[in-house]
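Structure record follows, encoded as structure tokens.
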Amino acid sequence: MDQFIQQIINGISLGSIYALIALGYTMVYGIIKLINFAHCDVYMLGAYIGYYCMTFLHLGVVPSLLIAMILCTLLGVLIEKIAYKPLRNATRIAVLITAIGVSLFLEYGTMYFVSPQVRTFPPHIVKSMSAGIKLGNINLTFMQLMIVSVTVLLMVLLQLTVKRTRIGKAMRAVSLDVDAAELMGINVDTTISFTFALGSALAGAAGVLVGLYYNSINPLMGLLPGLKAFVAAVFGGIGIIPGAMIGGYFIGMVETFVAGYGYSMYRDAVVFAILILILIVKPAGLLGRNVREKV
Amino acid sequence: GSGSDSDVIKIGVNYELSGQTATYGQSSVYGIELAIDEINEAGGINGKKIKLVKYDNESKPDLALSLTTRLMTQDKVVAVLGPATSGAFGSTIPLAMQYKIPVASGSATADGLLVDDNGNVKEYAFRICFNDSYQGKAMANFAINNLKKTKAVIIKDNSSDYGKGLAESFKQTFEEKGGTIVAEEAYVKNEVDFNAILTGIKGKDFDVIFIPGYYNEAGLIIKQARAMDIDVPILGADGFDSPELVNLAGEDALNDVYFSNHYSPLDESSVVVDFIESFKKKYNKEPDAFSALGYDLAYFVADGIKRAESLTGEAVKDALEATKDFEGVTGSFSIDENHDPVKALIIIELQNGKQVSTIRAGN
Amino acid sequence: MKLLEAKKLTKSFGGLMAVSKVNMVINQGELVGLIGPNGAGKTTVFNLITGMYAPTSGTITLFDGSHGKTIHGLKPHKICNAGIARTFQNIRLFKDLTVLDNVRIAMHCSVKYGLLSCFLHLPRYRRDEQRIIDESIELLKIFNLDGKMDELARNLPYGEQRHLEIARALASRPKLLLLDEPAAGVNPAETAQLSEIIRKVRRLFNLTILLIEHDMSLVMKICERIYVLDFGSVIASGTPDEIKSNERVITAYLGEDAIDA
Amino acid sequence: MVKQLNKKALIKPLALLVTFFIVQLLIQFNIINYYYQDILATICINIILAVSLNLITGFTGQFSLGHAGFMSIGAYACALTIQRVPTVYGFIAGVILGAMLAAFAGLLVGLPTLRLKGDYLAIATLGLSEIIRVMFINLDSITNGAAGLYLQYRFVNWFWLFVLTVMTVVLISNFVKSSHGRACISIREDEIAAEAVGINTTKYKVMAFMIGSFFAGVAGAVYASYFYFIEPNLFGFSKSIDILVVVVLGGLGSLSGSILAAAVLALISSFLQSFAAIRMVLYAVLLILIMLFRPGGLMGSRELSVAMLVELRKEAIAWLKAMPAKVLSAVRSITKGTGKHGGDKSASKGRFEG
Amino acid sequence: MLEIRDLNVYFGVIHALKGVSLTVNDGEIVTLIGANGAGKTTTLRTISGLIKPKSGTISLDGADITGLPAKERVRLGISHVPEGRRVFPAMTVLENLELGAYLRRDKQGIAKDLNKVYEHFPILYDRRRQSAGTLSGGEQQMLAIGRAMMSRPRILFLDEPSMGLAPLLVQEIFNIIKSINESGTTILLVEQNASMALKTADRAYVLETGSIVISGSGEELAQSEDIKKAYLGG
């Protein structure tokens, strides 16, 4: 029983990480239908920014987190302006390839400057963050609690932003029809930039948190969770904010239970197999509605 | 081909500078470049400077192969160093045989890499690292004989041949000697969360963990295991050798950790001390096993070239084959008939993140 | 002779009854109109007949001589191959393909060569392809589109796009053609031209036609019989003259002064 | 008339034959040296991969992120066959077996997943190729797991590269020019309309997947035999992405585009080797620039033809003339942030979309 | 109020508008008729800023707005019911209407206008929670007009508002157009249904392959034999 509860805790904290990244994917996808491959690299850069703040500027966790979020926001907007905006009228797949280009650029640009070696955070910070509670055999760290609560909080905030606020309404309008949105007086460019800013800020925060949690960052650290998070976003119904979260938790849970009960070698295969089975039943993801276009 | 006309000697460097295994490639190249600088500063080989021709194979074996062709046929190098991983290195060996130019790796550990299906040695391929079964066997023996442990859990790097090879030989020896493998778990490179696996094995009855893999992940596994109060001894191989291990795992977690290695920084021999010092000076950080092996690899090949009768691939091969008692950072070794190094293996014990003792081990 | 019969055809979306218990018969060779207010369920009837939706209940039968085959719930391509083709209320051409390709694609079901001929371009392939091109051009000639064979469909003026869509529908050699508002967005002069074309293809291909249209000048002129839908149900059917004077139709749909057209 | 036709029909085979012998000669005289031969092999394999993926993604419009998975089936089947029968016949049998198995996998994948659309399909294909990869890692006794398989002999030479590449291109090009190919294209253009004009969209999607996978299997087989070594991790997500990049860069729906892009990318990659440290950064920048300036890919959806070359020349001259202004306006649009590039923004939108 | 001078628009090599000039005075209903492909839609899209003209000027109340982006023109009181309706398909009817009032902040005024829209088109009230994409063609047309009304425009562009509407509603639509106009909104109307359009409009322009060929009062043109032949179907 203890073991079971512990695995649930493991699954939730792993799932939160996927969810946190998936939220950013889903936001950007929601508005311009782009799988923003560079998202997971913004996440990686967030982690590095946090690392440098703590290691060389000797800043605390919170200021580092804020700085990382701000810089990532700028970076996200910059990426959108330089690489995606000129392609507003191009096919989706063309933008996708550009996104892959941006992703490679960030990965290898970073690798050039900081080398591919892993980095670790200053020990005193890591130590202070890894304190936790022990209930018999069950471990729960503050970091885990923090990541879960940050994820849920951000999900709720984002959902409220999109559903309730003016800018959220504008985001949805832009995602459906750019021209018509403009005719409503919506500033399309600002709206898209805002979405990127939001998504990138999330990625930045996730980078620092996850980097600290595991205490290991490297220039390719975004690849694996990025892929999983992307899968999570699609699984939940891409473009749907609660979907990203549910998808993230789902994948985290499945991975944890498959690995925890002796099938770690088949973990990814099982995750994908379940995913495909579910997609066959629900072709637009868990929360997506499969509306057949009206003709 | 040869580069004997000019006053430089060209050596090819074909490493993973980008892609999944870029860490290994870059670390190796640090060591290589340090060694070559030293050699050139000391006047080169027989008055000729060494020039490295360096390419990035992106961690792709097919690219490694075509770059080897390029190095051998276009750049006319006398020998090629690398790649770091067995797969990529193995794919370049047929070319070495074809063009009669030696290839050498410091870290391609897969068993049987240097012999063909009929058991004949592939003449133009060399390595200066242990093969997997050597280390796997040593650690299994160590667990049973020295630590007196009989129930092991293996957590292996399932994305590398290194992890697979070590796990296999460890398992075989361990079981032969009467131990049992309680569970065999797997992870892939760059993974960071091992809580699920560890929680899963926690309920089992075992008294030692073997982690065939590299420090990137091993460090985190150790950290997460200790945080979960799994305090059985943890064993590993030379993949653990990096100053990063202690940073990743944290000092508190690194207790009862043992891993096989080529050398120990505790070693007071001047080769080791000088190497660490000049490495730190040049790169401002501590070397890891790949760097040390890269450093030795460059010296090993340079030494062969120096002794070779001419600057042809064939002569260099002959000279390398004849290497005896080469004094390197990673120990002194001779090349055996299978082109593997014959060198001693030591087992390093970590307590509180420090290396406290080294144990010489043979098989 | 019956060609198509719908019995108690019903389709609901959630709580909304878009089509409810519609009975409808279309005879061989007829030109039947389907009219009704916006949202009455006309397009939905088309979607049910062509397999875009499966009916909630009710049946649709397609007759071949005296032999009837139920077709509701079949996939659209099966229904098309059974002899029913349609156009769409919102034009759905293959916009980035040429005019000729649009028609050639629809000739697909008459292709006789197999995969081997297609991979190796055997003589049989060549013969059949030539036939397809010839027939397509013939068809385009009827619509005066043969001169624009190599234009991309998206570059055609709107009226011609409507024409091309009809041509494409005809390419699958249907027995029954369903036209969904072919005159929408077309000016009166061109509408007149359109009614000529509809008559002509009907004669040439021995077609039966079911037509949705809000332009009464077209409907009343060319339809032989008309069904009127309102809120998903048939509220009237009969000849144009009967419909024109039907009180219920006038209040629900036509309005007092629209009949002079 | 008949004679003329025959003449025209003869030009292509003749050109191919001449190409073959010229390259053969160049190889014989070592003008195309060993290194260039390796690049040639890479190009040929990439052409087969790109052309076959183009059929699925470019022509049929099905977004697949799992092409490497099908490739790996071909590679393993061929490698295992060659290990048992190390002769050229073994190789031929391996290619055929690999291709068939890959096509069969394509069928298995296709049937259940093709009702998925767009990115959902992409994820499903990605997942399947990952499942295949994990299987290869864990089927240790057959595949030797993560350590991979080594081959001692290479049976692929210029002859085989040429034959298999040309075969792939010709067969797929013939396919897309047939009624079946047009059916696939119509699915890409408008699935609903395609159904409505009588096309069994499911059947053609599965067919495209099977044919595409078949040739991916061929590519895998050639790969295994040329490069001596295969391991499961070669055929991961990033390989699928690499193939997709070739296809999009060449132009979705343009076979000659795929061929061109495969060659261009290989040459760029080999050229960039001189900048080992920053080559990937440069590569990324180039990729972005190409997409920014030619969002439709090098060829758009057109095919290379003589007429086009003439046009291209004109276009190139005009383009070069317009270049300074274009760069300027691009820079300006980035810095100033006006989203418009003249003309109608919704050019690609339908007239009545409501 | 609105003055267009010598507008030229190109799509690649196609010269779609060849020096179009027209004026709309305050409070007028002006209609623009012409054959398919004449350039009517292009004219409207250019004025509302969705297309950039190659040359020519557009001025509103004497101020040049040629270079202004579309969203700014909305601020100045231009509202456009585009061809093809362009409702936001995945949003509900109500959300679509609310978006029409995106730039407004007066909650009460918005609520009042919403009621007005529902009065004009009761069916929209019934469907207010349905997603706009599943509305019938005619319902979408009503929604598009309603949405434009929600911005309380000073000048409203309507691109073929009667298209796809039932005859009863066609009459109704023109009545609604009149009543919108009477409540103070200037209207520029593009129509295929020339007879109704000319009946409703104060003034009319006829566009032929990108150029204005005739202009005059609505009645005048409705009487003209040429117009009858070409656009009124007989």
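Letters A, B, C, D and E mark the chains in the order given here, with residues in each chain numbered from 1 onward.
Keep this in mind: a residue touches a chain if its C-beta (ideal position, glycine included) is under 8 Å from a C-beta of that chain, and two chains touch if they have at least 3 such contacts.
Keep in mind that what you see is a predicted model, and the values were worked out from it rather than measured.
K.L.:
Farthest from chain C in C-alpha centre terms, which chain would that be?
P.N.:
B
K.L.:
Report the pair of chains linked by the most C-beta pairs in contact.
P.N.:
Counting C-beta pairs in contact for each chain pair, the top pair is A-D.
K.L.:
Taking each chain's centre as its mean C-alpha position, how far apart are chain B and chain E in Å?
P.N.:
Averaging C-alpha atoms per chain gives centres 74 Å apart.
K.L.:
With chain centres defined as C-alpha means, what is the inter-centre distance between chain B and chain C in Å?
P.N.:
Distance between chain centres, rounded to whole Å: 73 Å.
K.L.:
Please compute the C-alpha centroid of chain C, do the same for chain E, then give the distance between them in whole Å.
P.N.:
For chain C versus chain E, the centre distance works out to 30 Å.
K.L.:
Just give me the whole-number Å value for how far the CA centre of chain C lies from that of chain D.
P.N.:
Result: the chain centres lie 40 Å from each other.
K.L.:
Mark out which residues of chain C touch at least two other chains, giving numbers and ranges.
P.N.:
Correct list: 43, 52, 88-90, 92, 158, 185.
K.L.:
Could you tell me which residues belong to chain B and also touch two or more other chains?
P.N.:
In chain B, the residues touching two or more other chains are 18, 20, 158.
K.L.:
Identify all positions of chain D at which a residue touches two or more other chains, and write them in rising order.
P.N.:
137, 192, 277, 280, 345-347, 350-354, in rising order.
K.L.:
Under the stated contact criterion, what part of chain A meets chain C in this complex?
P.N.:
292, 295
K.L.:
If we count contacts the way the header does, which residues on chain C are in touch with chain E in the complex?
P.N.:
Residues 13, 16, 35-40, 43, 89-90, 157-159, 181, 184-192, 214, 216-217, 252-255, 257-258.
K.L.:
Given the complex with chain B, which residues does chain A contribute to the contact?
P.N.:
Its residues touching chain B are 3, 6-7, 10-11, 13-14, 17, 108, 111, 115-118, 120, 123, 126-127, 130, 137, 139, 141, 210, 214-216, 218, 220-221, 223-224, 255-257, 259-262, 264-265, 268.
K.L.:
Which residues of chain A touch chain D in the complex?
P.N.:
Residues 29, 35, 81-83, 85-91, 93-98, 100-105, 107-109, 111-112, 177-179, 188-189, 227, 230-231, 234-235, 238, 265-266, 268-269, 272-273, 275-276, 279-280, 283-285, 293, 295 of chain A touch chain D in their complex.
K.L.:
For chain D, which residues are in contact with chain B within the complex?
P.N.:
33-35, 37-39, 41-42, 137, 140, 145-148, 150, 152, 154, 223, 226-231, 233-234, 269-270, 273, 276-277, 279-280
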